[in-house]
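A quick write-up on the structure given underneath.
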Amino acid sequence: MSEKSYFDGATRRRTLQAMGAASVVSVTGLAGCSDDDSGNGNGNGNGNGNGNGEPEEVSFPLEVQLETNADNSDRVEMVELVAASLEDTGYFETNVETFEFNDFVARILNPEYGDRGHIGCVGLSGTFNPESFCNALHHSGNIGQCCNMSGVSDPELDDMMDSARFGIEVSQDPDLRRERYDEIWHYLAEESYSSIANFSVEDAIMNNSVHGFNGWPFNEGLLSFALYSPTENQVTWMDDDADPRETDLSDVQEGGTLRVGVVENPDSFDPPYSSDTTSTFVQSLIFEQLVTSDLEGNVYPWLAESYEIVDVQDVDRADYEEYMISVAADEEGAIDTTEQIIVVHPDDDPVGDDEVRVLTPEEAADAVADGVFGMRIQYELHEGVTFHNGEELTAENVVRSYEYYENSNVSAQTFDSVLHAEADDEYTVSVYAQVPDAEAERELPGVYILSTEQLDEIEADDDLDRGDIDPREDLTPIGTGPYTLEEFSDQQFAEYEKYDDYWVEEMGVDTIPWFDGPAEFPDGPVIDEIELEFIPDDATRSGALQNDEVDLTYGLATATLDDFDASDDFIVDIVEAGAYDYFQTPLNVEPWDDKRLRQAFNHLIPREVIVEEVFNGYRNPAWTDIPELARGLGTADYDALEAEIRPTNEYDPERAVELIEEVIADHGYESTV
Amino acid sequence: MTEPIIRVEGLRKYYDTTGGFVDRLLGNEQLVKAVDGVDLELYEGETLGIVGESGCGKTSLGRAMLRLIEPTDGSVYYHGEDLTELSSRKLRAVRKDLQYIFQDPLSSLNPRMTVGDIVGEPLDIHGLASGAERNERIYELLDVVGLSPSHADRYPHEFSGGQRQRIGIARALAVDPEVIVCDEPVSALDVSVQAQILNLLEDLQEEFGLSYIFIAHDLSVVEHISDRVAVMYLGEIVETGTTEEVYQPPNHPYAEALLSAIPEPDPLWDGDQILLSGSVPSPLDPPSGCRFHSRCPKIIQPDGVDVDPSEWRSAMNFKHRIDDGSSVEAVVARTRDEDPAEVSRERLDTLVRSEFDLPDRLSDPDLETAFSEAIDAVHDDDLDAAADALADRFRSPCEAEPPDAIDVGGGHRIACHLQDEQYADERLRHADHAD
Amino acid sequence: MSLHRFILKRLLSIIPILFGVSVITFGLVYLTPGDPVDQMVALNPHVSPSDEATLRAQYGLDRPAWEQYLLWMSNVLTGDFGQVYSSGRDVSSVVLQRLPETIVLGLFGWIFALVIAIPAGIYAAVNKDQLGDTVSRFLALSGISIPNFWLGLMLILIFSLILGLFPVLPPSREPLYHPRMLWYLLLPGVTIGTAAAASIMRVMRTSMAEELNKEYVTAARAKGLPERQIVLKHVLRNSLISVVTLAATLTASIVAGSVVVEVVFNWPGLGREFIMAINGREMNLIMAITLFTGFFVIIANLIADILYAVLDPRIRYE
Amino acid sequence: MTLLEVNDLTVEFYTEDGVVRAVDGLSYEIERGEKFGVVGESGAGKSVTALSLMRLIESPGRIVKGEIRFDGTDILELSESEVRDIRGNRIAMIFQDAQTALNPVYTVGEQIAEAMRHHLGYDDEEARTRAIELLDQVGIPEAELRYSDYPHEFSGGMQQRAVIAIALACDPDLLIADEPTTALDVTIEAKILKQIEALAEEFDTAIQLITHDLGVVAELCDRVMVMYAGQPVEKASVEQLFYDPKHPYTVGLMSSIPRIGDRRERLQTIPGTMPDLVEVPTGCSFHPRCPYAEEACRQTEPQLVDPDTGDVATDAAAERAAACLEYTGELTGGLDYEVTVEGDEQLPIGDEADD
């Protein structure tokens, strides 16, 4: 049975990112770089960051402490393996320290963490956006944030990362963007600021009644993707009799009930008022977005029949200055307004300044009206799409939905790119980006489209607040999605039924312009009822599957997956996912400021051994910093990239020792090795 | 007379059994008056016996005297120094001279210490001896109380009751005290052993010039060992005097009753036993006036009443029952055949008279009238009215005023209204009836 | 003192106790690193320090501890236990929804414990030092030593997965009072009650064996009463007095045990909620659950005190 | 007619230190309505004897031999349920410490009534009424109210009365009173003794009174048996015992009691203590403490004999017996003590008070 504790589930739940489920990661710590640090890694050699201020004599074997969170036993094991690997060279004396999850997060988010000279290890979750595999770890703006633990402050790298996403050129030229990311991966391989150890997989385990199921890299979309996704000709059906390994679309059976063991209780059914992956999981059967995605992250219009980037302008955030209003900010940086802050003037610092200039929705509308915006994407909506309450989808729904996302739990990630949404006519809506953004096609439409009637009801009823779209508040969520929520019992179960007037079924999947699947592909999901059972404990969830109380579950400990895989009664589905574990060496502390030592460290991570020994093969070694799922926009040629970078990430103690010896010799460090 | 070695003045010890803060706030204070204003003297070399029934406050008195429990009020002068005022440090020094022997030797001896350590402990505490000298002293003490030095290495449970009491005595003697308070030292022992211990105590007194306060409920033991005796009843001393004065003949009706009740080890002895009515009242709410009045066979009759003392006693018992009772059944018990609440007035009258051992007609007509009224009221199940009917006539001076302790000569003090000249007639009446 | 006044007094005394509990709990949570905002946004690269600060200000988390506490306290006094930060739901409604689940589970564990322990304790005491006593002593020792979660998992493995007698998941579509629940509750009830049963049994045995040696037992025998009547009437009631004490203190451990058991058996009770609350640093929820469970533990003790007096007339309400 | 006949009763206890013979070859009989005293100090085996009569000896104790004929039937031969029919019904017991003998959690009334319900088949109401009557009879005022009081609400004296009421509940033929007044104050003791005496008379109940207090024996009993170390050492009528004791132990006991009006400076004592029953001295078990002990006493175990004739008198019916070698002529020094009676009463036993 599983060794994973329930803490793991909670850990998973707490991370919020637009798409990616974040797992927690640990990093090795380097000092928080002050602004005047030259910051290109090896330029800051005086090692002033040693916690107590007294630079210690560097001598080999080098004492180093590796740190991670204690509740993730796999990660702890991995860190211990790495520590042993360091020790084996004879050049390190290691100590592994573990912390309770919350303590550890607080520890590494301290901007001074990098000064302590420790090597931290955390897990993060990336998305289809290649940026999610470099920015959070290395951008100087993320020191003390998530999750530049060691305080990487490299203006050149910052520029590279910014220019791979923002600006007219990249936003219009995906190839240019891919090239720029390739440069970043090479740069990172050379500097070795971080060492990504592995990429996770998403698992799904089901019994033989489940047919055609294919996984999705992010578990919040696992079920909705598998049930029905024309982008990949994906459909799941129930059939107790046929061999589940034969998944020909001609065998599709309609009807049945799918029972799913879900890892958490959802916080809320209100899309912007929940940030846990399970909430998205349960919402994604009910709500839909303007666009959808395939397994490589390519974006397809969905509720929108089509979309078009109609305008890109060379605007940066300072250009909104004339529309901005001035608002007070307290010492902590809290900005005193009830309006959604869309843009803070880049020259202002809420923490340092008493007043900051900000752009709120009203001024954003003004700016757009004056033609000041970064990008405009225009969406043509399908006509005849109905909500579960019969309401028809119009541009109004889209605009109201964006408004509803203001000041919500997910407003930070929504309004870091969205500037404004505006109805052009009944079925046409434009969404504006703040600056030219290569990710705009994916980022801008990242909201669920909600029922206007429901939003009106919330506004009209004194007893209802934003965030109350939830059966626990006696409000049944209403979307355009293929399933309606029939019954929900907090901490226990949710029951869905197929929505009879689902628009794809009404229109026929063939009417979707980009669809080029086979004729047998159904016009909507085929399973009649979905029952979700919320079972946080891995062992219990696994037991429920074995006892035929659920048909499918996911997120089981890797140790149990082999058993299921070996059994004829169960099928294990694995796809590579975006979560990754990474180490960061304290690059602002001597001798780690020498990139050769960091490279040596990178060579000392036994990635293959880790994957096999610790994760039972249910993870992939990170030969580059970018996983397969993000390769669409993250590299020009994935295989070539891997061929070039992989040597820097191979386990190679001999090379590591060479590098270390060079460092010792060049700096004249004492060594007794 | 010489100055007493210990003089107790107005000593009180109240125990608070109040339920807690809330009750105190509501004025529901409950105080057990275990010792309530005791005056005593102990002279050098003498044994002062303190007797009384269980619950009369003997033990509290003994312990409060040595401040083993903190007295509520009053003074205890030891060689003129008030123990109740001493600081705890000074008190400890004085304690060396004042020792205490417990009733139950087993529970007062630490079961995990050897006899040698038990006896040696006071030596250590007061720094009196150490090393070889200490051992020698322990052996000596054991020898003095009739144990062998070889016993020093054994544990209390290996000894018989009498031997344990000897150990307790040896421990008390270790510090060479002046005064020992013996709290029921022999009541747990077999008679043959009891005699041994009593003899031992007497021998030790002679040898070391000790003064004893000897607390016991056994009057024969107290008489045997004591020079002077104090008789206690409900927290008060009712009589003090030399053993002779108190015992031969007894003066206070309580002392008299106590003495008469002792079963005489002589099958042909036919002394009259005085059987006290009722049991000892609660010290939470002691009777008014003379505390003994509720049981006293010689309770004084009011002016104008002159009946047989036993009739008067019965009449008063009836009155008290009416006062305390709540229903007819409380006055006369229900039997299988009869329910006093159901019977006729006449039958009730008969039942009550038989219950309280009253004659068919009370010999005093006024009393009979009042009694009759009371029965009427009881028959109507109105006990309050019955109480009112009796209130006037059924009344004793003993209920009204507490008696002063009257010194009848040479320190012999008796606290009884009968000693008061104004009740001389009453004394005569009892003398008459004694024949 | 009358029973009414005693109960009233004890109920009043709950207030300072709960106040103390709340101060301690608040202090502990406050001193623990991290707050709800950390938990919500810590690993989200999109959230800026300013966003975090704004959130903190919104929840009042930027104020000094004492101010936060006073605010919380004054809200509680008006019956407002605040909201769950992450979902915005009323804490009181969350707690009230979970409470019956935990009470049912706890009660069931309780009843199981008593139903097993008391007869077993009687049996062991009456057959002291014989085979049955030795066996029961062994079982009791095992019962005390086996960790809850392990026992729960083993029961699921054996009775659900291997023997197929019980479902793994609670019949969530049935109301709590549905008879099917009784069947399902057996395994979690056994899990939660085993340790308690073991301790109660041992105390029952000791206490009964001790009572059996008392003179009133000889006196009862001397009356010619049958042994069965002596044990079940005279001795049992006296022995139960110490069991009641233990049983009351065990309430706390049953509450604590429910945390683990609820997770293993997927029981939607307060215990599971509590774990999530702690992970999320949901101060309001932690405080409310602590207060509620504290309240119930105190009530259990109060009931025990009343039971004492029912069992033992010598005990006065003080 | 003989109500109880005990023959050669021997009770042993198995302890870690060895076998303890708590009662050794005890024989006596009690007539209907008779008051029979058993005297001795702690450890003499009095209470064990009492419990044996009701077959209440518990492990590790065991009645190893002898017979207890009650009204012609040997109790030791009866089945457990037959014994239960006798217990509390035909033989009842008054316990020494009423406080511990009463179950603290049931009302006094209930504890009286339950035996009646059990033995006499009374219904609740009958048992209750009778219990109230009994409480009244044993001198508890307001019996009806007191019926529902709990033991702790009774004073020590009242508790003892309640225990007496329990014993009398089923109108027993034999009442075993085990130190019934030892824990009480003299004032109460006197009343209770009187009460027991009166009630025994009323119910025509025989009493086996167990006590260490010779005063109590003198007051209540017709005949007496003195026990020492598990054995009977003297049997006599109460007058004989007090005015003409035949065993040195009896003499020692009597002279060690302080008496009111006794002006002796020192009490006579019996040196030493009752022997540990694991190691009973050879010969006469009293010899180590006996002032008249001779070598023979160490060697020979004396039997109960008629002190006048020296004939063996170990059977239950023997009226007068003492276990001392003196009476079999085996002592050379003789017993040298004198009983004096102060006052002018006439001794009932004539002039053979001394030896």
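As written, the chain order gives the labels A, B, C and D, with residue 1 at the start of each chain.
Basically, a contact is a pair of C-beta atoms (placed from the backbone, for glycine too) under 8 Å apart; a residue touches a chain by one contact, two chains touch by 3 or more.
Quick caveat, the model's predicted, so the values are computed rather than measured.
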Using the stated contact rule, I'd like to know whether A-C or C-D comes out ahead in C-beta pair count. A-C
Which chain has its C-alpha centroid at the greatest distance from the C-alpha centroid of chain C? D
Per-chain C-alpha mean nearest global C-alpha mean belongs to chain C
With centres defined as the mean C-alpha position, give me the chain A-chain C separation in Å. 40
Whole-angstrom distance, CA centroid of chain B to CA centroid of chain C, is 52
List the centre-to-centre spacing of chain C and chain D in whole Å, with centres computed as mean CA coordinates. 55
Whole-Å gap separating chain A and chain D, where each centre is the average of the chain's CA atoms: 93
For chain C, residue numbers touching 2 or more other chains are none
When you check chain B against every other chain, which residues touch at least two of them? none
Which residues belonging to chain D are in contact with no fewer than two other chains? none
Across the complex, what residues on chain A touch chain C? 1, 6-7, 10-11, 14-18, 22, 24-25, 101-103, 105-107, 109, 124, 132, 135-136, 142, 144-147, 265, 267-268, 273-276, 329-330, 332-335, 341, 344, 350-351, 409, 412-413, 416, 465, 467-468, 470, 472-473, 489-493, 533-537, 539-540, 543-544, 546-547, 549-550
Of all residues in chain C, those that touch chain A in their complex: 32-34, 38-54, 56-57, 62, 86-89, 93, 97-98, 153, 156-157, 160-161, 164, 167-170, 172-173, 263-266, 268, 272-273, 275-276, 279-281
Listed in rising order, chain D residues that touch chain C in their complex are 51, 54, 56, 81, 83-89, 92-93, 95, 97, 100-107, 114-115, 118-119, 150, 152, 163, 166
Residue ranges of chain D in contact with chain B within the complex: 41-42, 126, 129-130, 132-133, 135-136, 141-145, 155-158, 185-191, 193-194, 212-219, 238-239, 242, 252-254, 256-262, 265-271, 273-274, 341, 345, 348
Residue set of chain C touching chain D in the complex reads 214-216, 218-226, 229, 233-234, 237-238, 311-314
